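Residue numbering begins at 1 within each chain, and the chains themselves are lettered A, B, C, D, E and F in the order written.
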Amino acid sequence: MELDTGLIYAYASEFLKEDLGRGDFTTQAVVRGGAKARGVFLAKEDLILCGLEFAEAVFAVLDGSIQLESRAYDGEALKAGSSFARLEGPAAVLLAGERTALNLIQRMSGIANLTRTYVDTIAGTGAQIVDTRKTTPGLRLIEKYAVTVGGGRNHRFGLDDGILIKDNHIALAGGIRRAVELARNHASHMMRIEVEVTTPAGAEEAVRAGADIVMLDNMKAPDVAESVRLIKELSARTIVEASGGISLDNVLEIANAGVDIISVGAITHSAAAVDISMKIAPI
Amino acid sequence: MELDTGLIYAYASEFLKEDLGRGDFTTQAVVRGGAKARGVFLAKEDLILCGLEFAEAVFAVLDGSIQLESRAYDGEALKAGSSFARLEGPAAVLLAGERTALNLIQRMSGIANLTRTYVDTIAGTGAQIVDTRKTTPGLRLIEKYAVTVGGGRNHRFGLDDGILIKDNHIALAGGIRRAVELARNHASHMMRIEVEVTTPAGAEEAVRAGADIVMLDNMKAPDVAESVRLIKELSARTIVEASGGISLDNVLEIANAGVDIISVGAITHSAAAVDISMKIAPI
Amino acid sequence: MELDTGLIYAYASEFLKEDLGRGDFTTQAVVRGGAKARGVFLAKEDLILCGLEFAEAVFAVLDGSIQLESRAYDGEALKAGSSFARLEGPAAVLLAGERTALNLIQRMSGIANLTRTYVDTIAGTGAQIVDTRKTTPGLRLIEKYAVTVGGGRNHRFGLDDGILIKDNHIALAGGIRRAVELARNHASHMMRIEVEVTTPAGAEEAVRAGADIVMLDNMKAPDVAESVRLIKELSARTIVEASGGISLDNVLEIANAGVDIISVGAITHSAAAVDISMKIAPI
Amino acid sequence: MELDTGLIYAYASEFLKEDLGRGDFTTQAVVRGGAKARGVFLAKEDLILCGLEFAEAVFAVLDGSIQLESRAYDGEALKAGSSFARLEGPAAVLLAGERTALNLIQRMSGIANLTRTYVDTIAGTGAQIVDTRKTTPGLRLIEKYAVTVGGGRNHRFGLDDGILIKDNHIALAGGIRRAVELARNHASHMMRIEVEVTTPAGAEEAVRAGADIVMLDNMKAPDVAESVRLIKELSARTIVEASGGISLDNVLEIANAGVDIISVGAITHSAAAVDISMKIAPI
Amino acid sequence: MELDTGLIYAYASEFLKEDLGRGDFTTQAVVRGGAKARGVFLAKEDLILCGLEFAEAVFAVLDGSIQLESRAYDGEALKAGSSFARLEGPAAVLLAGERTALNLIQRMSGIANLTRTYVDTIAGTGAQIVDTRKTTPGLRLIEKYAVTVGGGRNHRFGLDDGILIKDNHIALAGGIRRAVELARNHASHMMRIEVEVTTPAGAEEAVRAGADIVMLDNMKAPDVAESVRLIKELSARTIVEASGGISLDNVLEIANAGVDIISVGAITHSAAAVDISMKIAPI
Amino acid sequence: MELDTGLIYAYASEFLKEDLGRGDFTTQAVVRGGAKARGVFLAKEDLILCGLEFAEAVFAVLDGSIQLESRAYDGEALKAGSSFARLEGPAAVLLAGERTALNLIQRMSGIANLTRTYVDTIAGTGAQIVDTRKTTPGLRLIEKYAVTVGGGRNHRFGLDDGILIKDNHIALAGGIRRAVELARNHASHMMRIEVEVTTPAGAEEAVRAGADIVMLDNMKAPDVAESVRLIKELSARTIVEASGGISLDNVLEIANAGVDIISVGAITHSAAAVDISMKIAPI
């Protein structure tokens, strides 16, 4: 997934406003106008880098003449202590943008980093890690981008770009068969229909109802394996997704149970920020 | 700290748009227009609740006639399994707002929860936990509110509502004395002047230069204690703040070293979401 | 498809601003403040009604106390001369909202009307009429809603909610097979993959490459029929869509050639407004 | 009339967002980052070109380095098959902007085209074609610009930039004389006062009441001629406008009846899009 | 002139945000949540009241349940010491809205007050006071409303709602005759054409060129009188406006020179705020 | 205080829109497209210049290629008749931006000018002039910038960046002591606490309660002097501010009474615009 440059600048501008408010009064009071400085971004721990374009945009929004010199790329694995970008410009600009830039790349790298850990954990199984809609309000596009940088893929971006029939939909429609039929008749022909089930029997029913994708919700590994067997027997083309309660402790077991897709909420809702600093020095 | 109701609704509306996009197409396809449902919010683990007004606002934005019935208050410690709010209304509305509401209160409660843990850890020492500017871009007000719900206090909301002279300011101004003098002459007379130092000697120099608050950055406990002694000897009114590298492992030791204020970035930048669910049932 | 009420009010408000500018100066000058009036909406020709909620929203935005009394529903076939809604309120409000309300429902009904004509023309063939992205800039959601009111279905809402591989994509990717493979690997697993082709041979190649949907672009009816035969022989599940150059003159012939879906740009880009008036009378 | 460049870019940006949503996922999946392409715009039928600056803006918003090379100007009559603009740049950018650019210039050229037909139809009569407020919601400025490109002139842009007293105003004010008097006393001295009438007698009354412009609404040609005679006899300076029910069938007859101005709603509310394509080829 | 209620609320909301920023921290810290208070608005000097609806809107934006009880109306002459409105509600709401409400009505009443003084000064002469475009950036509509409340009338609201040919236009067009001709051919037939001149000879030339209104710029009274004579002799219908350098010292002399309209920049660009207070008392 | 360049351009753009509306129709009608002109800004009276960057921004927003050539700086004292900036470019652009640019710099210079008069009046007393929140709605940042250009300093920018306990807060909290204690416990440790009092006895009580700043509201000079004596005796560090009823007539007397800070509402709420013109000439 890629982020539009215009969007990156719009985010950078909005986030800067939140931090600057009416102005950086400390710097205005203490630093003389013409002072120049150099800034260096450093990884303070091993991490997967994510968000370089945001760092660039934050400073460019403040001062169009500043250019960030990158020495790494989004998705690169950095060692603790390595510097990945530098820039020069008015000291006041570097001081004004520092926190906003760091807040962004620390969070984005945190997500990329955790996603990569999940991806590596199931390497070779054939299953893929995807995200969920459990993202930080206001940051969904940014966080879903970070997931792809970490090697994951994206599930729905919102309620409008995929058909996912959950337990409540089924209850309200009057059964899986009826729900799938309604979806087939009213939803876009461009979209596959995914049905969430909680038992192997439910999985079988979903396939028979015509689901293109079956989501196994919160099942233990043996039930996952049984569901995969039932589904693939009925229809080799049906995609199987495991979801709910996935952690680094059980993700490999689930992957080995034969699913195609594993969705993990934790990679966005509970990724801790990684430690990155920006060293500023007068020049 | 309190959040303006208008602001809460504005956030809820913005976040809903992010999730709904062009509409909840699954529900539109599968659920008949008039269907009603009931929703119950449940704590799935022990937690400090935060964000009830947001849950209310999310559904009210979708349908002005829906009312959330609360059984708890922001800041209340809930046990796993307890329900804290319920609502009834069109099933389509409950399904459309569910994820946005959960994403908000899971994150806010996560922050309140972690803050409370820090606050409880240093109970009785006289020190206070405050937040930092290391917040999620776009959510600063919301996260700072969650900190106060957890029992913490707020540091600066942005670069414009406080004077904090850091190492770079000092280097660019030409020394602590000069930096404080410049701040005194140009900054608002309504604001105290805080100076960041990294050694006991620096702390002493900051007090002599006229700092109202001295921030001890990334010092070990013995140095913190030594700094506190030096500062208070020179000026009993000067406030001492510890910052940088604070964790649940060392926060009590730092508090016992005699500081007034301990600022902790982790309570906002690395709080994991707590587990909360919304059970929806047709009625 | 349904439109969110909040969205309807936001559109109504934006469109009113465009027409009102700094105020309805004629009415301010000529009509005394307290004057009341009654307004009646009339179909001036046979038509499919669409946009009633917008009419309501336009006046409610101007004056929260005004209520539109509807006597019809979106999608209803009205006879010339029939009235479908009435309202009472301050004359100044009725005069201020009249043009904006009419501009909306005349255009929306125009689209619903033309769509219905296409739908009726192919009734019984099993094919479905869908729209395209050839909508009026700024009005896509509104126009796609009008299409569904007229009995059509929606194709993609934007470049982000469906995978449609066109000739240029194929050329740039290096062939149909490679393009479909890339799409399969990078696009969401929730989406079907549609491939646009211009010959029966292309259609066959697309199916072999794994396309879920084949779009027959600008083909004559015999080629359409031949393509359908080739596609269905290879894969009964593959959906066939005809697109390009469809008019009321040839749509039945194309439908009879066996396609599942017929996309028609004209229903949005060239629907003339239908004739609707609002009669205002002092009371 | 001219459109402000800033405004053109703002519209282009807004319309692109509507089409791109979260991104052009097909191109992101299928086309490799660095691929370049060339695009050529072609008239597929004889038409009056309108909207070139929008085509330019759409691509410039996506990628500031792209330049459109024009070979024609707004208002030029193009033959079917002629190319009027070309551009080169990243294939992904050309694919992302294609539909938005086409939707705009097809609609704008459609309006310019139809306006020109009306203007040519009454050439030599001395009457002028003007537009109405029956424009597409959200696009009024753009459509009124297209009208001038087609050789028409603009009537009011909104309720705030002209005084037009209609039947309801007259009824509410208590007669033509009173309505004109109120307008004279309260409206800006910069504006002329136009009064709508439906009979020759009404026309005469409007002139006697002091109307600067008399609008003959929905009158047949003989009544128009009679009204013109009555009006000009009383006051040679009074401007006469015909409005309502004007079509290509009767516009010349109305013009020959001696009016100064003929306002035509159809040129904006019912102009079909003209056929324009953009051919993209990899380079 | 009237202001749209929606607009008034939008302004009130925007201005409140400017003053509240992240919240009224003093009140949040010091005043307990449930405290109630009463507020009374008082004129501290003799004045023409203007802006009551804004006062109402400011508090309603903060708390929808608060109602302002008015005892006066916009345009009423109040004596020093008289109270003109009162309200009750949460003390925190009254304290939060006080300054924004006062800033608005003090400024608006200041403009209404000064306008009334000008209007009264020329009472009986037949001339009218109008405003100019010399308004506070961002507040044009509000200030033009205040002018009408003070008894003045409005000149152009912007560059788009009137044709005013100034010296530069004349120089660039190549003379008055040519400029008026161009305006007649290209500008809306709904608008009169005003020409600015600086000598009686210029005034005469403007009338001969067909100007509907002649603006006498910065002329002394004798030249004004001479210009009026020349203009009215040539065309009794032509409106004469005096502009530039008008003050309370010379406005009567200018009015007596026979002009129809006198435009005064000072009523908006240099009106001092009048003294109004809001007394708050706990209840 | 400094204004962010991005903010300056955003304001310029917003204010231009207010004046341009749908376009500068006079210039579009009368001036041919390619015409060039030169503009010179002139001080028409002695004044302190303020707002040069805004003048630049207004024209740059209209046409990115225009550059303003400055011959002065914000804060410079200009003599009547001196020119301080010039620019060349399309005549249409100069005509479109003229009024907006002038409205801004006339108002800003008016504020800077009046502030300077106050500052000069108390020169040598050691007291400082500060502004208040009595600013024009929507222009607070701009006006506070103008105050600093005139040599004044800034008080609070809003209710969120300082703690100022007024009479109502005291009444609602239950006394000065309690109010200060609550503020100390809940407000940011970065902020000083200011208490407003109206008598020398109140001043003494405020200091004893722990106020960092005491505001003497509407006191006569002898009471001010007595308050200063009482305050400084108790606590030499406490800052004393005089506020309310300050004019050029009494400001020196108040300064001589020994206060540190004098806040003056008139410098923003009642500064008349200074006379500045822009001479445009065709080239």
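The rule is short, and it goes like this: a residue touches a chain if its C-beta (ideal position, glycine included) is under 8 Å from a C-beta of that chain, and two chains touch if they have at least 3 such contacts.
All values reported here derive from a predicted model rather than from experimental measurement.
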| item | value |
| --- | --- |
| Intersection of contact partners for chain C and chain F | A, B, D, E |
| Chains touching both chain B and chain D, listed by label | A, C, E, F |
| Reference interface A-B: repeating pair among C-E, E-F or B-E with over half of contacts shared | E-F |
| Homomeric contact chain E-chain F: same or different residue positions, threshold half | same |
| Mean-CA-position distance for chain D and chain C (Å) | 23 |
| Chain centre separation in whole Å, for chain F relative to chain D (CA means) | 46 |
| Between chain C and chain A, distance of the C-alpha-averaged centres to the nearest whole Å | 33 |
| Two or more partner chains touched - positions in chain C | 20-23, 25, 28, 157, 160-164, 186, 188, 191 |
| Chain F to chain B touching residues, read off their complex | 130, 153-157, 160-164, 186, 188-192, 194, 213, 239, 241, 260-261 |
| Residue numbers on chain B that touch chain A, as the complex places them | 11, 14-15, 18-32, 35, 37, 91, 95-96, 99-100, 102-104, 106-107, 110, 133-140, 157-166, 168-169, 171-173, 179, 182-183, 185-188, 191, 269-270, 272-273, 280-282 |
| In the complex with chain B, residue positions of chain C that touch it | 1-4, 6, 141, 157, 161 |
| Contact set on chain C toward chain E in their complex | 13, 20, 22-23, 25, 28, 61-62 |
